[in-house]
Amino acid sequence: MGNTFGRLFRITTWGESHGGGVGVVIDGCPPDLEVTSSEIQTELDRRRPGQSRITTQRREEDRVEILSGVFEGRTLGTPISLIVRNRDARSRDYEEMRVKYRPSHADFTYQAKYGIRDWQGGGRASARETIGRVAAGAIARKILHQSLGVEILAFVRRVRNLTAEVDPDVVSRDRIESNIVRCPDSDIAGQMIEQIEQARKDGDSLGGVVEAVARNVPPGLGEPVFDKLEADLGKAILSLPACKGFEVGSGFAGTKLTGSSHNDPFYNDGERIRTRTNRSGGIQGGISNGENIVVRAAFKPTATILKTQETVDIHGNPATLSGRGRHDPCVLPRAVPMVESMIALVLADHYLLHRGRCGTGHDG
Amino acid sequence: MGNTFGRLFRITTWGESHGGGVGVVIDGCPPDLEVTSSEIQTELDRRRPGQSRITTQRREEDRVEILSGVFEGRTLGTPISLIVRNRDARSRDYEEMRVKYRPSHADFTYQAKYGIRDWQGGGRASARETIGRVAAGAIARKILHQSLGVEILAFVRRVRNLTAEVDPDVVSRDRIESNIVRCPDSDIAGQMIEQIEQARKDGDSLGGVVEAVARNVPPGLGEPVFDKLEADLGKAILSLPACKGFEVGSGFAGTKLTGSSHNDPFYNDGERIRTRTNRSGGIQGGISNGENIVVRAAFKPTATILKTQETVDIHGNPATLSGRGRHDPCVLPRAVPMVESMIALVLADHYLLHRGRCGTGHDG
Amino acid sequence: MGNTFGRLFRITTWGESHGGGVGVVIDGCPPDLEVTSSEIQTELDRRRPGQSRITTQRREEDRVEILSGVFEGRTLGTPISLIVRNRDARSRDYEEMRVKYRPSHADFTYQAKYGIRDWQGGGRASARETIGRVAAGAIARKILHQSLGVEILAFVRRVRNLTAEVDPDVVSRDRIESNIVRCPDSDIAGQMIEQIEQARKDGDSLGGVVEAVARNVPPGLGEPVFDKLEADLGKAILSLPACKGFEVGSGFAGTKLTGSSHNDPFYNDGERIRTRTNRSGGIQGGISNGENIVVRAAFKPTATILKTQETVDIHGNPATLSGRGRHDPCVLPRAVPMVESMIALVLADHYLLHRGRCGTGHDG
Amino acid sequence: MGNTFGRLFRITTWGESHGGGVGVVIDGCPPDLEVTSSEIQTELDRRRPGQSRITTQRREEDRVEILSGVFEGRTLGTPISLIVRNRDARSRDYEEMRVKYRPSHADFTYQAKYGIRDWQGGGRASARETIGRVAAGAIARKILHQSLGVEILAFVRRVRNLTAEVDPDVVSRDRIESNIVRCPDSDIAGQMIEQIEQARKDGDSLGGVVEAVARNVPPGLGEPVFDKLEADLGKAILSLPACKGFEVGSGFAGTKLTGSSHNDPFYNDGERIRTRTNRSGGIQGGISNGENIVVRAAFKPTATILKTQETVDIHGNPATLSGRGRHDPCVLPRAVPMVESMIALVLADHYLLHRGRCGTGHDG
C-alpha cells in the first residue's frame, strides 16, 4: 500500500528528491504493445522542472531509462521498470529544513509518522515523485488510445481569480501547449503568466484549478460500489501534491440546481444513447456512460515560499523560516501532465478490470 | 474489488434494494472489543428511510442481526457478518423502470456494463447499499473512540443556496441531531426544511453540501504517496451515492489565496506542535498533523423525481418518465451518517495500517 | 486479508461453527450467468456432515439461501451473498474445551493470537467454514465449464497406507461418487472404509492423500512470478483444514529423477503443441500449458479424537482430554469437494485475470 | 498482482535475465532500521552464479545498489529500491531458443500467454528474478531478528536419493555454509557434490529437497482462514523456480500415522505452553504456536540440460535441442538462500499484519 496504485494496471513508484533517483515499476501492462523511451520522455518533458520561466529552475533533464519489460521495442507482459537519475540536487539549500519545519509542508508529519525524515528537498514528499506517475501514465494513455481511441486532456482553468473560457469538448493539445501556463484561453493565459511572475518576485505563490476531459471512453467502465469511476479518479488526483479538492461534472456548483434542471435527459442520436446535457460528467452510478468525462482539481498555492514565515524547529522552539531552494511559484502548469497521467492510470486499470470481469457475458 | 473497502479494516457490502436483504462482512476488526447490535442499530436508525417527513417514506426498520464474529458480546478477531432483511419492497412502483432508463440514474450504465440489471428500486445502485457501510462504520467509530478518543461528526452545511453558520471545532452531536435536517444552525435549518418540503410538493429535489470533522486524530495517520489520507477520504466519500465533489481544508476556496496567506504557521502550545490556522484541514503531505480533519462533500439533487422527464426506453426509443416509488427529495440529512461512517472506516483502516507499519520504530 | 481469497473472482467467507450461521460473499462473478441454489446445494451435499456412516454425525442439512446478486435466475455482476444457518449445534459437547486446549487443534493458537476464542465446536477453525468455499466453488466451476469446458475432479488417492490405482486422465465423477470414501478404485475403497470404521471404533483417526485433476484448462493461465498457478493452487489447498502438504505433477517423487528423464518432451499432435509425458502437472513457469493439471494434497489424521490425550488447561495446568462431540474419523471423503472447490476458485480467478491482462494483444 | 508479494511488507520484483538489470521495490519496511548494502550483498553472494564449481559459471558479481528509502544508513519508511545490473549476458548462447521451446521450461507457456517472449536466457522466467527476493529477504530477516530474535535457516536435506541426517532444531548457519552444497551432514554433502559433478559431466541435472526452520517465532502469527501461515509459506516457496512440492511439519509422511500418534501433546515447561512433539511444524490452525516452524520444498532437476532432447519449434515442427548456455546442474545449493528469503518475507509480513490487527486487544 501507499506506494502502489491500481489493480490490474498497477504502478509502484519509489524515490526521494535528493537520493539516487526516482522511478516506477509498472505491473500489468498488456503484452505486445509498442513502447519507446522517447514517447515516455515527451510526457516527462512536460512535467520537468526548468521548462519555462514560470517553473522551478532546478536543472534536471529527467532522462528516462527502460530497464525491463520491453523487448525489441514491444512490451513483454512482464514488469516495466523505469528509472530517472537525480542530477541537480543542491542539498545545501535545505540545511535549514534539517532543523525547522516548513509551514503547510510535509516535514512535520513525516517526522511524526516515521520518526525520521529525509530533509533534503522534501524527500519522498517532493513533486519529483510524480515522475514515475507521468512515465507510467504515458504508457497507460497509449493503451487507451490504441484500444479505445481515448483522448485525455487537462488544462489550467483558473489561476487565483483568473478564470479561462474553455470548452472541454473541443479543446486540443495544441491549444493547451501553445503557452507556458497551459491555459488554452490565450488572453487569460497572458494575465496568468504575469501574475505568476509577480508572485515569484514577491517571494509568494499562487494556486488554482486544473480541468480535464477524457473523450471516447466507452460506456461500462467503473466498479461499483466502492471503486466507482469518480471515486477512483478522485483518489488518484487527490493523491497529487498540493491537491485540496476534486469534483466531477457539475460538482459543487451543481448542488445549487434542482433535480429537474440538473438531470441529463437521454436521447438516441441514431448511433447510440446519449445525454443532452452532461452534468453527470460522463459517469452515472460510478460507471462511464459514454459522454466525455469531465473533472476539476483544486491546487493550493505552493507551500514553499521565499517570504519569511513563523514556524518551530525540531525541538519545538519558535523559529522563522525563509524558503531557499528553487520552487514553483505556481504548480498548475506542471500539474497538467500529472492530472492527465492519473486519469490515464485510472482508466487503463478500469478498462482491464472490466475486460476481466465482464469480458464474456452480454457482449461475447 | 468493487465491493470491498479498506485494507486492514476491510468491509465487503452486498445486497440489492429489493432482494433478500443487504449486509456487510467486516474483516480485520481487532479482537476483544465490546460490540452490541443496539449500538449498531443506533447509527442505522439515523440512516433509515421514513425517519422524518423530509425523507423517503419507504417503511423499513432496518433491524440488524449479527451473524458471526462476536462471542459473548465481544469481537473474536474473525469476520463480523451483519445482515438487514428487506421488508417493504414495492416492486410494482418500478415496473416502468424495467423498460425505461431514469435520467442521471444508474439504470443505463448498469445495463451497458453488465448486460443485465435489477430494475427494482435501483438494485445495487440503491442507497440501501449504504446500510452495510453505516453498520460497519459504527464499529470503526468505536475502535477509534476507545483507542484514540477520536470523535467524528458530520452535518448539513448547505442546502441549495442556504448556508449554515457552524464552527466544526465545537459543533456537537446533540446540536446536529436537534432537527430533522441535521443542520446545527437552527435558523437556517428551519428554512432548509421548508425548502425541502416545497421541493417534494413540486415533485422535484435539492442538493447541497455536507461538512465533517474528525477530532483528536493523532499525528501520523496516512500512507503516502497514493494512499494519502485526503486521497482515501476523497475516494470513500465520492463512492457515496449522489456525491459529485470533495474537498479538504481550504479546498477550492483556498486556491484564491496566496501561499503566504494560505500556509498554516506552526507554534508550540506547550504540549504539542500545533498550527495557528487550519487551512490544511488537519492533513499535510497526506498524513494527519493532529489538527481537526475537516472535509466537505457535494451531493447533487436526487436523480429520481416525480416530474416528467425526457428519456429513452431500453430499445432506444424516445420516452417520457415520471418517477414513482418513494424517494428522498433531498439526500443530505441521511447522508450525514453515511459521511461519518466513511470517515470512520478510512481512519480505522489507517490506524491499523500505521500500527502495523510503524508500530515499532520511533515510538516503541 | 485473512478471510478473502482471489482477486477478480473474490470470495469472503464468514461464520463460526456454533454461531448464527456461515456464509460467503462472492465478488466478481461475471454477469448473466444462470445460477440456481439447487446446483450449489448439490456440491454442499457432498461436503455436509452426516452424509455417510464414515463422517461426523452432526445433523446439518446445510440449506443454502441466495440473498443477493442473482436476479430472475441470472447473475447481476454484483456480489452474491450465500448463507447457511447453523442448526444442530450442541455446545454442551464442548464445555471441556472452554478450559482445555485440544492437542494439534487451533484452540491454543487462537487464544494466543486473539486473546479470546469461541470454544464451541472450534469456532472459526471449524470445517464448517469451508461451506462458503464449496458454495462459491460451485459457481466458479460453472464459469469454467461454460466458458472453457474445464472439468475438475478430486478423489481419495490414499488412506493411511492404502493406495488406490487411479488414472487421473480418465477418472469420472460417477466413479468417484460410487462409494462413500470417494475413491474410484473400488477394491481399495472397500478396505479404506473398513479401516476408517475401525479407527472410529478405536476413538482414533486416519489421514491420507487427495489427488485432483483439472482437464481442458487452456494454455496461458497463471501470473508469474509470485502468482504462479502452482503457487496459488498450493496456497488455496494448504489453507484447507488439516492439510499439511501439496505437490504438483511429479512432486516430491520427481526429485529422484534426473533432468533428462524428468523433462516432458514437446510434440505436435496435429491440433496443438502437447507434451509426451506430464511430470510438469500441466504447469510450466507458473503458467498452464494445456495438459491436465494434476495436484496432490496431504491431510493429516483428524486432530479431535475420543482417546484420552495429554494437554494443559487455559491456566497452564496439566490436564487430560477425551474428545466428545461428533467428529470425522477421517476427513478425506469430505475433503474431496473442498479440494475441487479451491482449484475451481483459483482457476476462475486466473481466467478472469488473464482475460483482463492479456485480453487484447496476440489473440485479439 | 503477479510481481508483487506481501501485504504490509510488500515487494515488487522486476527484470529479465538479459535486460538492463533486475531489482526490487520494498514497500512497508518499518522506519529507522539500520540497513547497509553490504549486509544485503552478503545474502546475494550466497545466491549468485559462479560461487562454486557446482553452480552455473555465468560471471555476475550481482552488486546491489540502494536507490531510495535509506537515508544516512537508516530506513525512511518509504520504498526501498534495489537494483542489480546484468553484466555477463551472453545472448548468443540462446539463439536456438529464439525458435525452439526448451522442454519443461517456460518458453512455450510464456509464448502462449503473452504472444511474445524474451528468448534470451529465459527472460523473466530466469532464476535471476530471485535476486530481488533475496535482497528483500535480507531486510525482512533483519526486522524479524531485531524485533523478535527470529532465526531462519535452510539447508539441503536431500539430493536425488542421498538424504542427510540433520536436526533442524540445532543446525547452525556455520554448518550449512561449511560446504558448497549447503548440506550440514558433511559425509553426505561430499557424496552430493560428487553426484552433482557427475551429472554436470553427463550433461544432465539433479533435484532434491530443501528443508528450513524458523526459530523463535512467537505464537500468534498467521491470518486464518485463507492466509494461514502454512498457506502463505507454501505459496511463497512454490513460487520459486523449479519447486514442485511443499510440506509443513509431518507433511506427507504424517498421513501414515493415526491421530493419537500424530497429535502433539501440550505441556507447561514452566515458562510457556509447549508441545512435546512438533508434527504440527510450529503451526496450528494457520497460526504459529511458538514451536520451531519446519517446512520442506521439493525442487525438480533443472530443466535446461546439455543432453539432446525432443521438442518442437515455434512453428510447431519437430526439432531437437541441446542446451547451451551456463546452467546449474542442481539448483539446490542456490535455492537455500531463496527459501530462507521467502520464509523471511512471509514472516515479516505476518508480523506487521498481526501488529496492525491485534496490536491492541489482549496484549495492550
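Per-chain numbering from 1; labels A, B, C and D assigned in written order.
In the analysis below, a residue touches a chain if its C-beta (ideal position, glycine included) is under 8 Å from a C-beta of that chain, and two chains touch if they have at least 3 such contacts.
The structure presented is a predicted model; accordingly, all values stated were derived computationally and were not measured.
Contact tally for A-C versus A-D: the pair with more C-beta pairs in contact is A-D.
Centre-to-centre, using mean CA coordinates, subunit A is 45 Å away from subunit C. One finds 26 Å separating the Cα centroids of subunit A and subunit B. Centroids built from CA atoms put subunit D at 38 Å from subunit A. Within subunit D, the positions touching two or more other chains are listed as 1-4, 7-8, 13, 28, 31-32, 77-78, 113-116, 124, 224, 353, 358, 361-362.
If each chain is drawn as a node and touching chains are joined, the picture has every node linked to every other. For subunit A in complex with subunit D, the touching residues are 1-4, 7-8, 10, 12-16, 19-23, 25, 27-28, 31-32, 65-69, 71, 74-81, 83, 113-118, 123-124. Looking at the complex, you find that subunit B touches subunit D at residues 7-8, 28, 30-33, 77-78, 147, 224, 352-353, 355-362. If you check the complex, the residues on subunit D that touch subunit C are 1-5, 7, 13, 101, 103-106, 108-110, 112-116, 124-125, 129, 158, 160-161, 199, 202-209, 219-228, 230-232, 234-236, 238-239, 243-252, 254-260, 262-268, 273, 275-276, 279-281, 283-290, 298-305, 307, 309-312, 316-318, 353-354, 358, 361-363.
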